[in-house]
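Multiple structures follow.
What follows is chain A paired twice: with chain B in the first complex and chain C in the second.
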Partner chain A sequence: MTTTQARQSSARRPVPGRTIRLRILRCDGPGKPSRWETFSIKVESGANIISCLQQVAANPVTADGRATTPVVWDSGCLEEVCGACTMVINGKVRQSCSCLVDEYAPGEGDQITLEPMSKFPVVRDLWVDRSRLFHALRRVKAWVPIDGTYHLGHGPRESPDAQATRYVLSECMSCGCCLEACPQYNVEPDASAWDTSFIGAHAISQARLFNMHPTGRQLAGERLEALAGPGGVNDCGNAQNCVKVCPKHIPLTESIAAIGRQSTVHAIASWFARG
Partner chain B sequence: MTTQDSQAAAPRGSFLDRHYFLLRRLHSLTGIVPIGVFLVVHLLTNSSILWGGVAERHHAGGGMTDAGVAYFVREVRWINEQVPHLLLIETTLWVSILFHSVLGVYYATTGRSNTDRYRYQGNWRYRLQRISGYVGVAFILYHVGTLRWGWTFLVPGGTEWSYPFAASTLAAALRGSMDGITVGGVAVSLFYFAAVGLLVFHFANGLWTAAITWGLTVSVSAQKRWGYACAVLGAGLLAMGWGSVIGYVMLDPKRARVVEMSLDPGHQTGAAEKASLEGRREAGVARESEGM
Partner chain C sequence: MTQRVIVVGGGLAGLAAAVRIAEAGLSVDLFSLVPVKRSHSVCAQGGINACNEVARQQGYSEYEHFDETIYGGDFLADQHPVLEMANWAPRIIDLLDRMGVPFNRTSEGFRDLRLFGGSLFKRTHFAGATTGQQLLYALDEQVRRYESQGSVVKYEYWEFLRPVVHEGVCGPRCVGIVAQDLRTMQVRAFRADAVVIATGGPGLIFGKSTNSIMCTGAAASRCYQAGAWYANPEMIQVHPTAIPGADKLRLMSESARGEGGRIWVPRRADDRRPPREIPEGERWYFLEEKYPKYGNIVPRDIATREIFDVCVNQGMGVGGENSVYLDLTHKDPDYLTRKLGGILEIYEKFVGDDPRHTPMKIFPAVHYSMGGLWTSFTPGSYTPAAPAPGHVSGTRAPIGSEIGMGLQPGAIENARTNIEGLYAFGEVSFAYHGANRLGANALLSCIFDGLFCGVGVVNYLRDGSPSKSPAGELDEAVFRRAAEQEERTLKRLLGTTGQPADERTNPYIIHKELGVEMTAACTVVREEGRLRQCLATIASLRDRYSRVRLGDLAAWTNQSLAFTRAVGDMLILAEALAMGAIERRESRGAHYRTDYPERDDAGFMKTSLAKYDAASGRTVLEFIPIDASLVVPRARTYGKKESAADPKKQAQAVGAT
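This part shows the complex of A and B:
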């Protein structure tokens, strides 16, 4: 028996044509109070959380018959590569597009709880503002410097080993799961604190990705300097939740250790060499 | 704020901000050297109440317990009378513990535990590392305050620890009196048992995370291997630590006092110590000249 078959046989068989409950933490806007609302949804075959939310949008009436506003959520690709629809489902962070209702609520009357991510300011309902996450990528210069006035030609050759390592790191979609699960990463609505509050596993991993790139390496020193200060790699508390919740299975804890190693070498080398 | 602004702002800021990396790494380092090294030596000395009897078995007639007491008290006397630069060692330890505690508590306040939602083993260790830090600070203060600085008002029964009578006064301080175990003694003993366990965990887990912080263990498998090594070390230290606490709680202070009184008193006073050292040195010189 393959593992897939084993998993299917051990899971509860989904009841066709059942009605489930969606319990959603709602909020009308930034600074407004939150409230819970529950909706009854008739589940179609192969439904995911997004298709259930579409049903709520089409008929915004709660389970106890009160008319309400449609629930707002963010989404993009609907195939777990953009990260926009990330939310907290039954207490754990993940993408809602790849969350299948058959797995989460296979029985009649089963309930699924939806909350917006708690580490980012809520825009409305399940939609959060992830600006700080992208600010963190600017902090570590997560790009390859190729701007200039003339054609630079081909980049240096890269070994297949390095390619294989970098490919996995490049799969990061900036969804925010690693940040939501991190006990060292806490909500910070004040943008002036974003340069000194914990940067998070995703940006540390991206710094490693671009420090490994033959051209991106030119900014390695600047990236390590940015990660040496307050809110940098040293703020990691090694709870290692990030790697557990990463939907792309990126070895985030290896990236943190790798940047730790680069920082150690960089700090010692620059202490002796600095002018 | 643009990226350029943030870079220009980087070297400025408070003392903590300007030396952030150094302070963080010193926090990590002090946990291992000198604090961690001291913990290992300390637990090794304390647990000699259990295994010291094996080393002393040919000399002691009073059984393994008395022999353990004799071994332990000789060790403590040796530390207090013969280890050089004791003041320097103690000062270094105190400065390190103060530094590690103050920064550790400050760093711990920057996190918010979420083990209620993410019940991973690593997440529990993250939380326990911080709890054990808080308890550890309180315990070390109580432990050193009562046994070293004479805060006898915090000791049930008011026993004052003194190094020539290291075993009997320690047992009495843990049990609450020289005679039997009191309610206060049970409370102190339980506090010791819990705090020693938490501090050993704090060291073993800290040793594991330090390898990630410094970048020694990068791959997941290397982190796992080092994790097993730290767990084995932690289990050994836990056996020594808990064994010591149980050993002293079970020890009869009066019987230990008899053993302590029977030991060579020459080490107790500085003058006698000096005289005996002098005597040995002369004897050594004499032997050497005979040999030539």
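This part shows the complex of A and C:
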């Protein structure tokens, strides 16, 4: 059964020309109180959450006719490949650009609820500050340490299987869905705590990606050490929520297990090296 | 004070530049509207071109890649820079490979290749269906490495507002930028010894396009208003098959047609039945009818023009809207999944219909700007006595691919705008693609600019004006004045929030109307009368914009303010675009004029150059000669008859994005 068939068998047929309600958790800035506002949206054909928010931006009036400010949100590619537009929709974290209104609110007067991600500090309305997520990539040195950009010949040869494994891991768009769903990951506005608070599944998976690459492997020891300390791979409670919400279907629990094994081997090896 | 370079833009071009400049030991300040990893370059799917060993042994060469690019661009590009880019391409692939890009592999573990438009040889390297994303991530990772060492400082969620241009003794020189933090709304001037603009394309001028939401062209327009020249503004590529959406037009690869997809509309414009209930006899397969030989696989520009004509001029689009059916439902669903799985999923994800069972609705969409900020170059060592005739596949190339044949390596004029110290890299520049870009050549040009022309920037700091008079030592007043000018603009916009906007003063509505008008007049089919009308519409939109009203007066994270400011800049660039389209009285590449259907080399094998007249706020257009010293122009026919007889080859050659 294709996704569409699955969708259509469970969903009602969308009512053309209907009006739906968008209930949005709003906040004017850090430290400001949150409030709910509801907007009435006339659904265009092919509407997604972004196009509804664009309507609100052009005409910021609530459902009960009160003038308000336009809702603020983050977006970029509009085709689920940049990760920017992630938010919590009807209680579930996902990208808003690929969230079709026909599927979420097929009937006249149906309501969709939008909230900012809860694991990151809110900047304004639906826009959150995910710098910590990029900081995590620095923490695990998520790069291949090449010898400069001048021409030195081609890279390592690689089997199609190895490429396929790396490719899937490399599709991670740093959206943060896996962090929003993780019970071990909590909001942390204080940047000085980012080196010791739980790093999250995405960065563990990136460490695995770079440890697989023949040149990237040179930093494997440093990556594993970064992940051995507080906030590293041992903080994962194995709840497996992360893998269920990853829009790119990245095998996060596999990555966590792989890094766990590598860490054990690395710890024993360094213990012997010390002795 | 240490020398600093500002790079504005963190797409492929900006990141490649940042890496190269940081590697040379200089400090880089990297500005981007979004975290650089989320830049528009992530959208590219198809691949990146370069000569390779397999193709070489079949008679292909870097020279042929160069020749194809010039021919594909319909002889409008300056030729020396294109030669150097093609010569560099294999080295760029090697470098990306070393950085860990997961390029698809053959069973022996070599890099796999695919066929793309404009070539008979497999020369396109790819990483799954997300090549742009994979290349961007590889460069993003290298930048993160320099960021960890402190030599790159990122300013993400900062918007570039204008270059700071200092009137020195030897003419204008760029010594920094003014930018705004989009969260705190703080406006600040930053000093720099050189500024690289790598801000991508202007798709949003057309309202909806295949581009990301940040591709407004505002940054280019701001440089233009500050005195940088803008070249070939009229050269806009329109892709024939995109998926209309309420927010964006997403690309549908042409391989859908290659695999047997049929294009049609209901014969009666008012036929509202679901497509599969419309009997065969009441469907109009207009491409098959008009082009019995090629059918649905006519070349890309023809398909685009015909679909446009049926919908816009004849009003025959599906349901009265701008869309036609691209129908695959007559094919076996399993076969379709095997051949086209990835692209069909995109359609399914965003439209909610399964193309295996429901015909897709598609329409052409603005995709890429060949035009951009004008840049100069210093030619390399290859200077034949007379330009060569068109290259014949498999014959010996007149030259090898040594570095420095096309451009002089490290020359400080390479990729520099007419303003000293201000460089333009990537899609924002006009170099390389002439009147039409070949699929999979854009990613190449972006990275080439960063790597090759980045060295010129480094040399400029070492040997040029900054070595004698560093930006760090210039009078503070220069920077303060520039920042104050931007603050005045902001105050003016924020001061308009008193009364609510109406239809005429709402920035979102002004933008929407601009997009509709530009798409109608300035894309696929152009004609003088209609273009003049478009120019008048832009003028009236500019007039309305002068009274624009803002919906938000917040001093914190005010997105309406940023958007409204960009609309003003889009209007100015739109005018340059329409004027270029009017003045270029010929048809060439993507620019098709019904009133001048032929290419006119004597009159227009020239770069159209837009200059902004600050006093009147208007565009002044002129034509300047191009560098055509390497290849003689020839008619761009793609051997029409021959490829008609060989639909298989045609089918393979489509799919370019």
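Heads up, the rule we're going with is that the second predicted complex is superposed on the first by the 259 of 275 C-alpha atoms of A that agree within 3 Å, B and C clash if a C-alpha of one lies under 4 Å from a C-alpha of the other, contacts with A are read in each partner's own complex, and residues count from 1 in each chain.
What we mean here is this: contacts are C-beta pairs under 8 Å (C-beta built on N, C-alpha and C of every residue); 3 or more make two chains touch, one makes a residue touch a chain.
Quantities reported herein were computed from a predicted structural model and do not represent experimental measurements.
Participant: May I ask you to decide whether A:244 touches chain B, chain C, both, or neither, giving the answer as first, second, both or neither?
Facilitator: first
Participant: Just chain B (first), just chain C (second), both, or neither: which does A:254 touch?
Facilitator: After superposing on A, A:254 lies in contact with chain B but is clear of chain C.
Participant: If we overlay the two complexes on their shared chain A, which of chain B and chain C does A:146 touch? Say first, second, both or neither.
Facilitator: Second partner only.
Participant: Thinking of the overlay built on chain A, is A:134 touched by chain B (first), by chain C (second), by both, or by neither?
Facilitator: second
Participant: Touch test for A:184: chain B only (first), chain C only (second), both, or neither?
Facilitator: first
Participant: Comparing chain C with chain B, which touches more residues belonging to chain A?
Facilitator: C
Participant: Would you sort A:79 into first (chain B), second (chain C), both or neither based on which partner it touches?
Facilitator: Only chain C; A:79 stays clear of chain B.
Participant: Where on chain A do chain B and chain C both make contact?
Facilitator: Touching chain B in the first complex and chain C in the second, residues 138, 141 of chain A appear in both lists.
Participant: What residues on chain A touch chain C, complex-wise?
Facilitator: Interface residues on the chain A side: 2-5, 7, 28-29, 44-48, 50-51, 54, 57-60, 67, 69-70, 72, 74-84, 97-98, 100, 102-103, 123-124, 127, 129-130, 134, 137-138, 141-146, 148-149, 151-155, 157-160, 163, 166-167, 170-171, 173-174, 210, 213, 215-216.
Participant: Of all residues in chain A, which touch chain B in the complex?
Facilitator: Touch list, chain A to chain B: 91-92, 138-139, 141, 181, 183-184, 186, 191-192, 194-196, 198, 222, 225-226, 228-230, 232, 234-241, 244-245, 251, 253-254, 256-265, 267.
Participant: Enumerate the contact residues on chain B facing chain A in the complex.
Facilitator: 1, 3, 6-7, 9-10, 13, 16-17, 20-22, 24-25, 107, 110-114, 117-118, 120, 122-123, 125-127, 129, 209, 212-220, 223
Participant: Using the touch rule from the top, collect the residues of chain C that touch chain A in their complex.
Facilitator: So the residues of chain C touching chain A come out as 19-20, 23, 34-35, 37-40, 42-43, 91, 93-95, 97-100, 102-111, 127-128, 130, 133-134, 137-138, 141-142, 144-145, 147-148, 183, 212-214, 244-248, 250, 345-346, 348-354, 356-357, 451, 500, 506, 508-509, 512, 551-552, 554, 556-557, 559-560, 563.
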